[in-house]
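Chain naming follows the written order as A, B, C and D, and within any one chain the residues start at number 1.
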Amino acid sequence: MADTIFMALGTIAVLSALFCVFQRNALAAAIWLVLTMLALAGMFLILGAPFIAAIQVLVYTGAIMVLFIFVIMLLNLGDAASDIRGPGVKAIALVLAVGTGAYLLRLAGYDPARLAFELTGTTDLSPAAVFATAEVARQAAETQGVVGAVAGPLFSTYLVPFEVTSLLLLAAIIGAVVLAKRKI
Amino acid sequence: MADMLNLIGYQGWVVPVLLLLPVAGALLVVAAPAPRARSIALAVSLAEFLVSAGLWWSFVPEGGMQFAASIPWMPQWGIAYRVGIDGISLFMVLLTTLTMPLCVLGSWNYITQRERGFYALLLVLLSGILGVFISLDLFLFYVFWEVMLIPMYFLIGIWGGSNRLYASIKFFIYTMVGSLLMLVAILVTAWMVGAATGVLSFSYDHILANASAVGGRAPWLFAAFALAFAIKVPIFPFHTWLPDAHVEAPTAGSVILAGVLLKMGTYGFLRFAIPFFPDVAFSPAVTTIAVVLAVVGIIYGALVAMVQPDIKKLVAYSSVSHLGFVMLGIWAATLQSVQGALMVMINHGLSTGALFFLIGMLYERRHTRDIAAFGGIARVVPVFSLIFTLVSLSSIGLPGLNGFVGEFLVLLGSFGRFPWATGIATTGVIFAAAYLLWALQRIIFNKLDKPENESLTDLTPRELAVLAPLLAGIVWLGLYPAPVLRRMEPTSRQFVESVQHAIPQGAQAVAAPVNEGHP
Amino acid sequence: MLLGPALAISALLFSIGVLGVLIRRNAIVLFMCVELMLNAVNLTFVALSRFHGVGGQLMVFFVMAVAAAEAAVGLAIILAVFRHTTSVDLKTNTLLQG
Amino acid sequence: MYVSADLIWLAVALPLAGFLVNGALALWRPDAKAAVSVVGPAVLLGSFAVVALIFRSYALAGLATPHVVHLWTWLPAGALTVELSFLVDRLSLVMLMVVTGVGSLIHLFSVGYMRSDPGYARYFAYLNLFVVFMLVLVLGSSLPVLFIGWEGVGLCSYLLIGFWYGDKANADAGKKAFLVNRIGDFGFMVAMFLIWVALGSLNFLEVAELAPRYLAAGGTLVTMITLFLFLGCAGKSAQIPLYVWLPDAMAGPTPVSALIHAATMVTAGVYLVARTNILFAMAPLSSTVVAGIGALTALFAATIGLRQYDIKKVLAYSTVSQLGYMFLAVGTGAYVAGVFHLVTHAFFKALLFLGAGSVIHSMHHAYHATHSHEDAQDMRNMGGLRRAMPWTFVLMLIATLAIAGIPPFAGFFSKDEILAAAFARGAEIPAFRLFWLFGVVAAALTAFYMARLMAMTFFGENRTGAEERKHLHEAPAIMTVPLVVLGVLSAAGGLLNLPALFGGDAKLEHWLDPVLEGAHHYFPLEMPHGQTEFVLIGLAILIAVGGLVVGWRVTMSRPILPASQAAPEAGFWKVLYHKYYVDEFYEAAIVGPLRRLSERVLWKGVDQGIIDRGGVEGSAGLARTLGWIGTRLQTGQVGLYLTVFLVGALGIFFVVMG
């Protein structure tokens, strides 16, 4: 059941992404992207990352995409003429995109067993044994709750990156204010 | 006097005080109100000079380093604060500390903008230069070498003449190219010596004792060191930054540049490049190149100086000529020539420094350095003219004044080894007289035919105070250089003896035709 | 375990993002395509976090923070450029020309 | 009273003190002329007194050994130790007497001559300083110490020639003198280096002792040393090819010409050869060169003197010519004759110059009084001055007879001795016969141009101008008294070294014997005796008298026109008048090309062109070009950047990850 929903969501995500890319109207493209993101949030949920799913909805769809839409509307770009490049560029782009996709799609063949083999170099161990620590973490998450499982490492192992992120955001705020203001 | 200095433990604290006092003074200058900056700078530089003056008595005329100290800095890489003074650096230190208060006093009214920055940079520069002459750790040496470069760049770039940006960037890039190569050479030398001896250390003594460990790389390392120093000296054809830098720099900058900074190049040869790699330095090919370039510098500098319309440029090219004598003396590596080279270094500092001061004083009055703008001013400014003549004569090398002592010893000492080159170099005395006397005539003699020169005022007491110490030095070193020569003799002897093994015996044969029946 | 499908979807989304970046001239849309690519990567992180522990999820968290910062600054830049040239078309905006 | 030679420093210190006092006055109290008038000559008279007393003590005690007065150590550098010390011996004492004696007289004369000049104090400061350096030159116990004086006198000469520096010509002349001397100094320095390399000492006494031991007589080394030394002498003593500065040096005040450019400084070269006589004696080739150059200069300068109109220029070329005689003497090995001629020449040439100065002084006043701008030194503007200036006329006549070589005046004996010596040497080295001939011809020319000078100046009609004539008058006593003293010396100076033939005892010869012992050994000279001597003397007198008569006849045969009305020179006279165009040749062949080379090739070409434009800016240009190529990739099209970026990223992926 979960697999089916996952595949459905995946299909929605890919299709709406395609619409987003080929949609002439910037506003519409943004709406299509929102749909992709929501689909992704659902997929995160299925993949066992409820916290990420939540902030995906909150931050991406709720904050970032709203910002995009806000800017698009502010600049009144809703019905601008087509900004899609000519056929020559399109052909090159298609080749590159397909190349990238073909290269990356090789990842589709991965399953836990192969992952375990690549990590350990033997087939003796079962994936469950190899990924025991992950299993432990998942079990801890179940006892600690959705947020607790993430919060623990975030404030211990990843404390420094976390703090740096806060600095980055501060810098971004100042930067955005400076750039956007007409006169300082 | 020496006993009295020992009583206050002079030997122990003099070097750190010399290095730190100017930096502290610079901070004080920055913190003080702008009109006070020059007084503070003068007080600090005078104090510095008084502190350094004790070296004269406290220094024992023996070989080896004195006032030495060593404090670990980055022990894992063998870098330490290692300092010391010997007969070579003693006079460079004294020359520097003597020049600096004069520079401050000479800039008294010349600098009217951003005084604090100017005087603070001067003091930092003082510290940097002293560090270069005092440090006995290659890393420390390199640090000071760069520390010195930056204030100089700003002195030219901010307080310079109309074309100052071009000049300062040219100066900076020229020096930087050389010093980066030197850094590479320092690192490679230290690393290879460390690999061979098992002790990674930037200590001068350690590297000097084991410099043979570099083996076949020696020519490349020598070349890197030599290029850095050659640019600084400057040796033809690396000299073209000098006229531009001199012309654009403010008076104090020119004085320091000519008086002290150029000596860092020759000092580098004497202290590092040659003692580390004597076999390379005195190989026939390198010797030929060095001596030819030295002689070319002497003649070329003098000839080009002769036709300069700008007084400062004229003096700048004359520096190229004078420093050629130093290079010749160093490469001849006889006791007389090396002592002579050291004397030329001191003398050039005194007389060229004085010349730049005089030109600066003229510039403050007329705002031009064009020789053609003057003429006949001896009538309106007799004291200025007298001093200008005296200093020019010192630069020409009139016996009885300081310039002669150095040139004479260099040429006398070099003649046995390079009779032809020395003979050609001796013609430099003719050209030196030509360019300076011609300039002298066009500036202070001839008819007073420019009305704006009629109202020139003669030197003020402050300006006389700037020139008096230099004039005293010019006359004193000309008539009684013995105390100076005696203090530098042991170190010079050490240098000569340490490189003697590297001088091929065949090279001595050059002097053979004039050697029939030498005692 | 959905690893393979998740990675495949991620690859497709990423390629679509690349395609969008290459064929669009509108700076804002181009920017959105970049976001799309970031999301594709996020999917990979989450999918693999099931095997490598919670670090992958945290990485997604950081990516989002960076994306947010980037969006804020990037859009501000676009606004500033638009104010200057009244266009967000990259063809007419060649300020980066050397 | 015995005065120790140790006190000789006092003779130097006195003029030095005078220099300091006068120099200070010149800077701050230029109007204190009375003080200057006292201090200037007094210090020199004091110096003369010191020297005279020491000389007397030496003579009475019959001391022959040199005495070294050590002052301080000048240049200690390992094996080289140059002491600043004075060497008092018989040779230096003779020179000291001349320098301080003639110097004192000229200082006294200057009091009258320069009194009205605004630079009076400065003048005496320079003059005192000159004497200081001249004494150091004479007294220096080693080559470098002598070199201090050598260059110092050059400096003072430079300052005094350009004394009236407001006129560019004067400043030019001073500079020219210094520069030409510097060429000579180059030779001097190289000679010092050679001596140092060969002998390891620069001290005169040590060199004299070591040279016979370590140098091969007639060898290359000693020849090179002496030739380079002679180059120095040629510069200082105005010999071919470096004589050109001396005639121009007449731009200085006339007493300066008398003191520096006739009596003392220019004879320094002769003194140096005499001082290092042992080296020259060991190098016969160099000696021949010295004598040859000397003889040639004597002749060459004398011919130019024939056709000059400036009274000082005539005397200047005459000086060059007489210096040539001195070099002929020392080159011949007749060092005593050289020194003897040096002394007598100092007397009569100083007298001639001072007399000329007296004439110019008078002429100048006359023109000044009438605001005329005629040339006060041009002989064509003079004539008949014997009436206005009888003292000057008589004294100059004595000097003329002395220089022309009329017995019993001083010049006759010294010149005759030189010619006799050259003739005698001719027996050994034939070239000397030619030199002798040059000397004889030059002697005739000397008599000729001196007769011309006297005739144009003192005889005939006065051509100064009707109004100006009234202002011509004899010089004041302070100027004529020194002239009288010099006149006595010029007349009786021959007694110093009266040869046995005339019943004398050749005092100077014996006096200098100890100094010249070594030279006599290596380069012995047998002077002619008996019949040859008589013939030579007769010939010399004949030539002198003949020259005078012809000179007088030729000059007086035609009316002389004042300078402003004179016709331009023509033919060979023109070549002589223009001094063989040597100055023009030097300018065109050496000075000009050197300046153009420096300016156009070295500075503009090499420095600014190759090094700066090519090297420095070339490398900057290279960097800029590379950067420009880089900018071409920066189209500003973000799409293009992205495409390129993706291609690169994919490429890396495929290559690295397979």
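Of note:
The rule we apply is simple: a residue touches a chain if its C-beta (ideal position, glycine included) is under 8 Å from a C-beta of that chain, and two chains touch if they have at least 3 such contacts.
Remember, it's a predicted structure, so these values are computed and weren't measured experimentally.
The chain with its C-alpha centre at the largest distance from the centre of chain C is D. Taking the mean of each chain's C-alpha atoms, the chain whose centre lies closest to the overall C-alpha mean is B. Put simply, the C-alpha centre of chain A and that of chain D have 100 angstrom between them. Separating the CA-averaged centres of chain B and chain C is a span of 61 Å.
Remark: chain B and chain D have CA centroids separated by 37 Å (rounded to whole angstrom). Our note on geometry: chain A versus chain C, Cα centroid distance of 8 Å, whole angstroms. Residues of chain C in contact with two or more other chains: 18, 22, 25. In chain A, the residues touching two or more other chains are 85, 89, 92-93, 96, 100. Checking each pair of chains for touch leaves A-C, A-D, B-D, C-D. Contact residues of chain A toward chain C in the complex are 2-3, 6-7, 10, 13-14, 17-18, 20-21, 26, 29-30, 33, 36-37, 40, 43-44, 46-49, 51-52, 55-56, 59-60, 63-65, 67-68, 71-72, 74-75, 77, 80, 83-85, 89-90, 92-94, 96-98, 100-101, 104-105, 107-112, 115, 127, 131, 133-134, 137-138, 141, 149-150, 152-154, 157-158, 161, 165, 168-169, 171-173, 175-177, 179-180, 182. Residues 170, 174, 237, 239-241, 300, 303-304, 306-308, 335-336, 339-340, 376, 378-379, 382-383, 386, 393, 398-400, 404-405, 408-409, 411-413, 415-416, 419, 422-423, 426-427, 429-430, 433-434, 437-438, 441, 444-448, 479-482, 485-486, 489, 493, 511, 513-519 of chain B are the ones that touch chain D when the two sit in their complex.
Of all residues in chain C, only 18, 21-22, 25, 27, 30, 90-91, 93-98 touch chain D in the complex they form. Of all the residues in chain D, the ones that touch chain A in their complex are 639, 643, 646-647, 650, 653-654.
Taken together, the chain D residues at the contact with chain C in this complex read 630-639, 641-643, 646.
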